[in-house]
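Here's a structure for you.
Going by the order they are written in, the chains are A, B and C; count residues from 1 in each one.
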């Protein structure tokens, strides 16, 4: 996917004026926040689990090489294969090779954010394979030819009416229509259409929420069961996983699972939590003949030990999106790449480059709510500011902003001059306000006055008045 | 591919300032210690907690006094749901002695796309979340858990453990290794992908019915 | 007790009465208030724009000017957060300055936190007949954990009834330079906040941060809302006879 993060301002402007999108976002936002709060209030041990989860991730990251090797050895011991990919291209090549060797035609895909990151669908389609997204949300955006707008609810930006319209166009032959008005009707239709795809697919691709070093298992959590069908019915199962997903053992997974579902959807656990370990055994009546894990780096090994190290604790729950006032206002597409919201504003510049992703870390008030709700206590505001630091150091900040900052700093560094200059400016402003106490619009401040009045200063600065008051 | 493996591992080892090893002693020890994280506490018995949580996720259940009554419990469910007397049944030893009444088509096999109803046996259940644990194997085909509209699952009451960690302990003790698939199933399939409205039966079963078998297996 | 007041640039320029209200409250506690003349701005605009060097250049003289006093009080959660949380981070590569920053951080308090910590039962002598909603700035609430203190202080104002805002923990959209860099998004956020204020039934909105208040007051005025907006200190000091933020001057 070609990123449009550089155009965030325009994207956001369009999103704010898109009535249908705003309807969909308004519906989604409150639900996620309330459900999470109820789930966490219902578990007194949540904060203890949060600390334990952070410790698990910190420990694993500090020994990431060991644990990855251990995981690899265990996958191989259970009859599976591990493929290492430094780049999205290498990861796609690995997937294509597996599909070709299996003489595959159709690929059923479970939801995978790493899959989006490496654009595996595009690669598969370009190589002539038919790819079907099987998560309902992913399927909806696949047939709409759009990227996901949320990491756990990819079609959160679509209204029921829009989805029904998409289905009508794609599924229904002329003269053969079924009513598609209610949510059950829409879901049932997708179930019917996708069931046939599952049964006809040669390869199933899923993501992984965790990798277990102890057993060589890969873990997925879903509510629909599509991931399990994708991993069970086709002849070949490919797991796409980024390298930071590994945890030491099954007990560690239990801690993180308690945090994940509550933070994501407010559930105690999702309908299906599945641990896959290798291909079908000699006497198994079902399951795939081949089991592959593609381990994707894509810049993560460079994040390790650096300024963004703690981002590697992220378990992709989406809580930071759901609680972000900027995400809630503009939705996911405005961010212009795979990962939106605060976690996306940290990851995007690292994965597509700071030049492209520059606006995202700036599009935040650093209000800190993301860090507050993050089950992994990731200091997202600190990392957003770190991006800004590097942007400034690399002179990527727009000249106008640099110039304004330099001019302001010139005065701020000189208290005496600052006091005289600011006093004149404030008196002038006060005069201009003409006793109204505020400006409805002002030259050079349209950005402010477009949405709100600008309160006028009271007349003189505090420092000047204080000096006067202290005069004997 | 081996080049990228070496390159990734080299970068990791460099930032971590140590040599990568699958058998690093402190790692092996950390894995094998199986230390549990904070354990959620509650008052109810495992059985009460399990049933309460199962109901919360819209699972249903019926009590079955003994193995001999399984067929009747299935028949009752099918009648109540107005379903045909046809089902795919796990080749599990617990179900070997089930005497299906006349007119029942109960086939001992994996599920296929056309199956409407399936019957399997849980390895154990987790009280904390109201979850069933099923282990893929000759006696428990995974397709039974996911393909049919109605998934019926026998759960002996003495197999309800408090937490997921207890299920892992049981798994290690009784099986030693992980099966191809370990399914933790909590209620029927669901989706909220259309306008965040929850609808049951997205791709997997629309209904989950637990047959709670008194005593043991 | 000598207290150094770091008045903060927005109070200095736009709302001196909030600074004098802070002085009045501190003096009622029996403190001798000093306003070190070397102060301009804490450096937040530079810091949050990624210009850490300028932020450090502004921080050093301020650390020197304030670090000398036993108590430093700031009538702003966001500037307090800068001094308390971010100065030590800014100097993590300069041990000498980091130590000085840590010392200053330990001595610095947001105004309401200081008043709640040092004030007895009778130092507030103010009354207000009406409903008041408190807006917590994100830095006060999340960086400093200041939440109960302003409410406890407001409870001492006679006749005052407190109301809480819906979605109170959501940012108002000011965000320093954010509000001019992303005016659309900021405008939308402040519109939501102002709606919540209007819906709360409050007669007054108060906060410990002038940035938030100018933003929300500006929006309330644009909406034509009658809710009046003051700095928390002004209400606690009984100074609500001063025109509210954005209100016309008295003839």
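Keep this in mind: contacts are C-beta pairs under 8 Å (C-beta built on N, C-alpha and C of every residue); 3 or more make two chains touch, one makes a residue touch a chain.
Since the model is a prediction, treat every value here as computed from it, not as a measurement.
The chains touching chain A as well as chain C do not exist; no chain touches both.
Ranked by distance of CA centroids from chain A, the top chain is C.
Among all pairs of chains, A-B has the largest number of C-beta pairs in contact.
In whole angstrom, the spacing between the mean C-alpha positions of chain A and chain C is 33. Chain A and chain B, compared by their mean Cα positions, are separated by 30 Å. Look at where the CA atoms of chain B average out and do the same for chain C: the two points lie 54 Å apart. If you check the complex, the residues on chain C that touch chain A are 7, 11-17, 19-20, 35, 37-41, 43, 45-52, 54, 57-58, 61, 89, 138-139, 142-143, 169-171, 173-191, 214-215, 217-219, 221-222, 243, 245-249, 251. Interface residues of chain A, counted against chain B in their complex, comprise 24, 27-28, 31-32, 43-45, 48-49, 52-53, 56, 59, 62-70, 72-73, 78, 83-87, 90, 94, 134-137, 140, 153-156, 159-160, 163, 183-184, 186-188, 190-191, 194-195, 198-199, 213-217, 223-226, 228-229, 231-233, 243, 248-252, 254-255, 257-258, 265, 268-281, 283-287, 295, 297, 301-302, 304-306. Remark: chain A residues 9, 12-13, 16, 325-326, 329-330, 362-369, 371-372, 382, 385, 387-393, 397, 401, 405, 408-409, 411-413, 415, 418-419, 422, 426, 435-438, 440, 445-448, 450-458, 460-463, 465-466 touch chain C in the complex.
On chain B, the positions that touch chain A within their shared complex are 1-2, 4-5, 7-9, 11-13, 15-16, 18, 20-24, 26-28, 30-32, 34-41, 53, 57, 91, 109-110, 113, 128-129, 131, 136-138, 141-143, 145-147, 163-165, 168, 177-197, 199, 201-205.
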